[in-house]
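Next come two complexes, and both contain chain A; in the first it sits with chain B, in the second with chain C.
Take a look at the complex of A and B:
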């Protein structure tokens, strides 16, 4: 439009009101047929030439610009899993009937659902929001929380807890503070405002994440079995209803290119690619959805996340009767100048799409009206097998929805064994100088406790509400978070997330299993029984064969590990292209494990609560310092092979802990991982300010190790527990009956007439005050 | 005794407040922001949260809702009203209590187990405490800094209307370490900490005795119940 409305003739004015009617801008199915050779910006939308040709082949003509928009977002790596699919299949294949017997909904839906008994089910999922969180940390992290929470609502569940696995660049790099402040306040803002307790997670600093922070958000929801909902559009004539926030121009990635390359010059230009969140709108949407579920007013439901309406319509139709007719003019807009393509691709937050029976529409409208949620009926379910979208009276999309949502491209990308990995594996940490003198040991214990990755994370967690809903039984700094599900019976769940990029860099197969083992152990120490896994696989570019090798090995390790532990992967997500230039991040598969506990009253904290308890170390310690926190901090070393992992032993350990907590023999339990025994002792002492006297001579003799190895090795299958003296015989008997190695290593009695301290007999005595000053000072020093 | 708990769009701790009422052996009654109806309750709790997304100012839009017309009228007749966090903000916004709440001094949201001193036991909600008693109540807010002009502060202090004071650490920069105040009559109390999260062993704040064992908050609700029974 070059003519301004003021100067224009009436005819021009009419054109301005509806600028697309006669212009070249509305690309209809009809025009696609009559104008087949029109050049299309598929490459700018991220489609490869062969993918574009495939779309033409599917349609038997060129796609309309609306169809091209839909295919381009739905066939993107993010939505289609085209590079990972061939490997992810293992999660569905490596299963036993035992593993799936409590699985109500497995992979492929918005989130997995597990039967936890008493008529209750729990749904959980972890998802990445990495790239947006680097560009715009606050909104990136906030909408990451919002997105995963909507996945949980879509299953028919009430969201009840969130957790975050965060990875930032080096703690002292100038840009890290920007990202940390943005991400933490974004999560704080959104999740606090939703009224969801934040029950834990992890925070890790490493320069490999400098320009590629990882923001992985996990959410958990609970539902009664009968409230389960799925994302499918069934029942011809049922209404397709869009409700929640209005659709705006935010979050359009490719569309901005689309709009500026070939479409209206008067339309909106460059849209922010990062979505903007409104947690208030989402909170109202949660309550509104739960009321709709309660009153049985919804047949199928899907949240709008990546790819917005394109994704919701094509997925709902694919999973249902296969057909849907939608009128895009009925979409309520925040910005009336949006083009059809932009409406299809917008990732505006806080929106849901429901399938509603016509006879229930009035009741549906009454509920959304009560919550003042804006709602529009877009169309209905059909049996044509086609997804047909009209706009301004013309058909702009006419596709088989399965070709958009399900049968996208699949790549078996080349993999290559990394040229550098043999040399890396040969460079073990076992030859590095290990301290023997008490003073030096003490200095290293303190340095580790104050290091970026092992230091106190309360500066972050204090910005999150852990109390809301009144059911939080454990949260940070305990090893796992725990939430009560049923107020009468005490039934509850526990969750923990773990990953160790350093281990995975050394050996992605074993590294993934180590993450799984640690998360599993972290759930077990709370007293819960691990039952399911959700994973968030963060890797570099899949087009790099060495990265693809890392990915394939990690997935294989994880799938094999889950099979061995007997717990299924119920969902998750893949995040590729986490790299700066040609340098990928360390492979970082974050593993979330969910456990069930029959009564949260028997939960076990990770720190010593009382004096007079004996401290036992369960498991065997070997010289396993490769990839350890100690090697990294003290020697700046990363090489060798990560610790051995024995998942059968982990299962036995979990069984032992479960037995011990059921018999109320265990006062506290803390898993040994990063920083080894030293860090576990520090954290156990600082949890409630109870000191201990530790003696490791017998342990060293039994396991044939030196003191530094006993303190800093990261051997797996190990936990320290504190046991009241009167339960000693029973506890040791339990371990012996289960043939699990057990060694008494200390008591939680302080020295007489002294302030509480961590005392290693004959070696060092560090006051808890000093230990705490170092441990809790690090994050505030850098960020407060 | 029936205690109403109002749900506004964006209320978060409303179900927790209902649970607290139940634990105090009173009957919780859910009230809706859009109704002009207190359903005959004997007292009202305005719960925590982000009513109306905290848009404009925290509590400002809620203070002008239909239900608040009724709450204000009932408060003036002497009905016990407790405003927790966002509820406290509503009480100042509707001028049932003086002063206001501003962004925490440190700038960020803070969640912690907070030590408080009970400064006044002459309100409906604190009659079950002893004066000067120290209690632990979870605190979680982004805009909890209490502020008022010098004359108001002097009056509140002089009239014994500072009900709770932060001890050991002032988490939000509140003037005079004020955590909660009352109106002149003592039937309306507002505080930033969340007593409804210190009512049930296992789910409350840590205490010197055991983790998550703090139940000091229950006594606010019991106090209201006992005051009602005494009348």
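Take a look at the complex of A and C:
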């Protein structure tokens, strides 16, 4: 072998000049055979030498430049999951028949689909768009929304809601405002133009995300069972049709280079690695696809995202009869000077590929014509087992599509236990000074409420449409978002996302389970029953054995947790190489949980609405301040062990809440998480401006804790609920029957003529006006 | 007073949804002469003093860092214009 790897730094890779074509000659399969030793830029395309050699072995010759383009993008970390695959298998293995009972489509397709009853199904997925959102925050975040929405369309569903899990650098760092403004406007621009409500999500600020923000976009769609579509190319002679926007030179190599290796934001790029989206084109595409589904005009469908045509053709062929013949000259181009390789790799937005029966092609063309969606027939399904692509009359790709899309490299990366974690775990927050005086307690409650991570996120969510389409039952600031699916019956779904990177840094296994438990609880408090999980696993470099250890532990924790809760992981994505310089981000496995509610009319609000209701705390509070928001804010401390998780208890709690809401005993429910009881009380009060008198002596006595621990501990399995007086006996009876710890801790305030306040008996009285000023003021201060 | 004009265009490879919309509108209005439209931005920077290399260098710097987004746009022209 005379080929030697081309030395290339990641910075060079970001500025790659496509060095494919020697002069005017197209690199064909024939030329690859007759000129076997031509040097190829595989390293600049992100392929390792052994991967390149493997491609040569598979083909029995050197790849053509077109084949090299395809393999390089499809074998990239982003598309192939080559470092994560060996771990992700657990999601498919740790399942019970009970968990898959309502699962219509599981992992591996564009998005999971769950039967929610009454002939309806819901599909949802969360996906990262982290790296593009740092380089070009507006377009990066916008196209992140566009991409996840297309995944939903390709299942045959109508997209009905989006939400976003965001992580930014320190709130006071100068670059953070640039990223926040771009990302938030990008999300609101794209989803608002599509007419989709944004029903929640989360936003955190932490310096670990300084040069690597996380933008995880989630979308939900609904469909009738019979509308389900899959991404496969079956039926020899069926047509392969590309429709939607034209293919241009944008986002080329984005998949392999941007998302799969460290990158540099400095310096202009030769080919822009980001894409510019057009939400109005996507809106038309949604309606067009739904009409195609309604009229039963497509056999299989796939959206074009990362790796564009390379991905769509090889995946459709792999999942179907195995063969496909495509003529690349028929791709409609925005820029006629594109090379074949560039066309194969382009990540131009708003494109779909469909498999259409020849006898239905005229009807298909009539529908796309009505919507003025540009369309071209690229080729057809074959039974040759080969994906053959021609260009200018010559064959430039001749591969087994499975070797591109399915049987890519799989790495069992080295794992190393990070020895630093022992010292970190030993450094508990339990010994930190805890306040006892009312004044100090009050100051800390207020400081937490106004802190970057616990403060009001309305400045962000108010830029999003939340009620468009008219089916939103709950959205931010409620714990989970809820949308009605059926206008007659009131059937609906609820979704929440969560991840606490600080917990995961202390213990990635437990941290992942904590994320799962919190998202599960957030769905349960709305009155819905959690049924499925989609996850977006954001980690540092898989080539760092300590990061790989964090990843393996998180996946294990999540898979074990899902098994225990009895809800399946239906899909998601992995994002590696998230780091600032050489420092990886905190492991951030964002967990999205979807729940079903038979009637959104019985949803439970997260805040107090009426005066004179009793406030109950469900669950036990222990001294668990390690990794807490309180330790971080008050003491700048991060160490120890995250709170214990008891998923059986979470299940019991969800069952109890479900029972309580079905009997209409619960006036409001709010999950306890970051910031503990203190923050839950603040948010419950501020939701509708109803104050409360709180007394924690009995709680402290029962659980053997001090007042500060009662307020700031982040013990799990806890929820505060407000219960109308007349339902008191029945509610307490329900808790006792289910043996769930319950403690009355206060009453919503009914004092006439008094300004509402949050009063902790004998300790402090903070007016809601003051609380709100702090809570709502933080984001506008930094960004408005 | 001299004015320096800075012209910024979306990078040629990238989609220009505004231009695409105008091109579509032209076609609907019956004009078939033009196959493509691209829309950029024009900035006019007015100041008091002579146009010299120092001013032009400053404008170039401003154009590349503030007036354009180098990731998706190119500065295609900087020229002095007497008003």
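The criterion applied here is as follows: the second predicted complex is superposed on the first by the 739 of 784 C-alpha atoms of A that agree within 3 Å, B and C clash if a C-alpha of one lies under 4 Å from a C-alpha of the other, contacts with A are read in each partner's own complex, and residues count from 1 in each chain.
The rule is simple: contacts are C-beta pairs under 8 Å (C-beta built on N, C-alpha and C of every residue); 3 or more make two chains touch, one makes a residue touch a chain.
Being a predicted model, the structure only gives us computed values, none of them experimental.
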{"item": "Touching partner for A:278 - first (chain B), second (chain C), both, neither", "value": "both"}
{"item": "Contacts of A:463 with chain B and chain C, given as first, second, both or neither", "value": "first"}
{"item": "Which partner reaches more residues of chain A (counting touched residues only), chain B or chain C", "value": "B"}
{"item": "Partner chain(s) touched by A:249 [first = chain B, second = chain C, both, neither]", "value": "second"}
{"item": "Touching partner for A:417 - first (chain B), second (chain C), both, neither", "value": "neither"}
{"item": "First, second, both or neither for A:601, with chain B first and chain C second", "value": "first"}
{"item": "Where chain A meets both chain C and chain B, residue numbers", "value": "278, 280-281"}
{"item": "Chain B to chain A touching residues, read off their complex", "value": "9-10, 12-13, 15-16, 19, 48-50, 52-55, 106, 108-112, 138, 140, 142, 194, 196-197, 200, 202-203, 206, 210-212"}
{"item": "List of chain A residues in touch with chain C within their complex", "value": "135-136, 139, 245, 248-250, 252, 268-269, 271-272, 274-278, 280-281, 334-335, 348-349"}
{"item": "Residues on chain A engaged by chain B in the complex (per definition of touch)", "value": "185, 188-189, 192-195, 278-281, 283-284, 287, 371-372, 461-473, 484, 487, 600-601, 605, 609, 688, 784"}
{"item": "Parts of chain C lying in touch with chain A, wherever the complex brings them together", "value": "10-17, 20-21, 69-72"}
